[in-house]
Amino acid sequence: MNKPYFPRSEDGVAPLRCTVSRRVRFEEVDALGIVWHGRYASFFEDARAALGARYGIGYMDFFSEKILVPIKILHVDYHLPLTFDESFTIEAVLHWSEAARLNHEYILRNKKGDITTTGYTVQLMLDANGEVLVIPPPFFRDFCNRWKNRQLHIRQSG
Amino acid sequence: MNKPYFPRSEDGVAPLRCTVSRRVRFEEVDALGIVWHGRYASFFEDARAALGARYGIGYMDFFSEKILVPIKILHVDYHLPLTFDESFTIEAVLHWSEAARLNHEYILRNKKGDITTTGYTVQLMLDANGEVLVIPPPFFRDFCNRWKNRQLHIRQSG
Amino acid sequence: MNKPYFPRSEDGVAPLRCTVSRRVRFEEVDALGIVWHGRYASFFEDARAALGARYGIGYMDFFSEKILVPIKILHVDYHLPLTFDESFTIEAVLHWSEAARLNHEYILRNKKGDITTTGYTVQLMLDANGEVLVIPPPFFRDFCNRWKNRQLHIRQSG
Amino acid sequence: MNKPYFPRSEDGVAPLRCTVSRRVRFEEVDALGIVWHGRYASFFEDARAALGARYGIGYMDFFSEKILVPIKILHVDYHLPLTFDESFTIEAVLHWSEAARLNHEYILRNKKGDITTTGYTVQLMLDANGEVLVIPPPFFRDFCNRWKNRQLHIRQSG
């Protein structure tokens, strides 16, 4: 990974980060004993969901505002394999943007701290009619303001 | 499989059968090179969906009547393994019942014709409020009448 | 669940229990907003793997002895649905047996403590040639002796 | 998709194409009634496997030469959703390259012929020690020669 997935924020707003820990499950491993490449979308989602829950911008928060945030792009770069029962971490990084989109980057690390996998997703925001939003909904603009002004509160999980 | 999964119909109505063919996909195989046991629910569903589509009693047919048919019991007996790229068939057998339930049996066979896996599912019918139906909806009673009287027509797939 | 899945141990040896906590992931939910019935084999495996890791009888322990423990029977009874983001627990219960098999029972409970799902699996032990073992391997007999004599030590996870 | 995923072959060798047909299965659909974004890696693999089987460069062909071809990059662009029971096609396109890599592009189309999803994968070739191959194995060089000279024979599936 030489080139960053997303351009650096011109506003100088630091990205938000959230890391979850997991262990490779038996059913995630293929005939070669390593995690099948198609499972990483699920790993990314685990960390993205945790970040969303922490900052109040998860699927349920958008749903309750009748906004959908479908994935438009998924990209995965595989550097090292993960094997059965191996413990690893998934870090989701939400990059700053005031547009009606969510730009997440992901970094997976094994127990030794080596980066095994990186990638990114881009999500758009749609209203109840499936129309792409140009301006984010009020609750998200409010979230961006607090983010920019370093006033984010971490929500307790249920 | 010594004992039948479902008692024989007292009405003497022959069960309905539908067989689909598949090939084991790479992602379905585990670290031992055989299909992971948890994937068979999906195989059963393939054949059940094909049978439902053929006779007009699929998920979509129930949905359009606002009836849900959730699985209440799943049972799988594993006799022989299936390996990567192996072709096999899944036969779904719908046993006769006039009650508001669907009793399916499943038989998987490998290329040599050996039975690799058997099992069954039981589905109840629920109305839009989630209440269990005691009497099946009219469209299903009509289906049962035609079944009993050997007047079933096979629907063309789209 | 009126009838127990496994007969009560005549030796009076108490079963082993292990409970893991989870939250329903987005990808596990179907078009009806509830966990798809086929995912529970994976939930069962999570708790079974945790129990195996705790007592030194996990997949890896058998693998290192060149013994396979394939699933021969899977049974699931669905009592209540689980919905997206719902937290729940999975309890695996290993019933006492000195035979070359593993009899696990599973109990899932939602946040309120209601039992949502129950089921069981039966695993046989095979040697490297795929032959069914009549007598368990030494490491497992040793485990059974310690179990019977209440001398089991819980292993620390890595 | 304005920019091509792979540069055009300078040798003027036409890419190889293979299309498979599928129908969206119930378990592939999420709470919104559309295919969950993480399932497309599996759709891509279906078409890639069919292309590999047709031309003798599938997983099994590499395995028998003790070569692994792990995925190094996966990229998916989501244009339109796919819904439950919808039939669609997946076209895999293998772009010409004499290097020890496989560059596949994928195009999914719904029943109306609209492009719903596009993407690509890049695979490297590794020897039995996990070392990246610089030169492809003989059987693959032979395949490339026949490809370039338009002498490819389509293999019958089993």
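Note that the chains are named A, B, C and D in the order they appear, and that numbering of residues resets to 1 at the start of each chain.
Note that contacts are C-beta pairs under 8 Å (C-beta built on N, C-alpha and C of every residue); 3 or more make two chains touch, one makes a residue touch a chain.
All of these numbers come straight from a predicted model, not from anything done at the bench.
Which chain has its C-alpha centre farthest away from the C-alpha centre of chain D?
Most distant chain from chain D: C.
If you average the CA atoms of chain B and of chain D, how many Å lie between those two points?
That pair's centroid distance is 32 Å.
Return the distance between the CA-based centres of chain C and chain D, expressed in whole Å.
Here the centre of chain D sits 38 Å away from the centre of chain C.
Can you check how far apart chain B and chain C are, centre to centre, with Cα atoms defining each centre and the answer in Å?
26
Which chain C residues touch at least two other chains?
Counting only residues that touch two or more other chains, chain C contributes 26-27, 38, 42, 45, 84.
Classify the inter-chain contact topology: is it line, ring, star, complete, or other?
complete
Mind listing the chain D positions that touch chain C in their complex?
Residues 26-27, 29-31, 33, 36, 38, 84 of chain D touch chain C in their complex.
Spell out the residues on chain C that touch chain B in their complex, using ranges where they run on.
32, 34, 37-38, 40-42, 45, 68, 70-78, 81
Going by the contact rule at the top, pick out the chain A residues touching chain C in the complex.
25-27, 42, 45-46, 49, 59-60, 84-85, 87, 158
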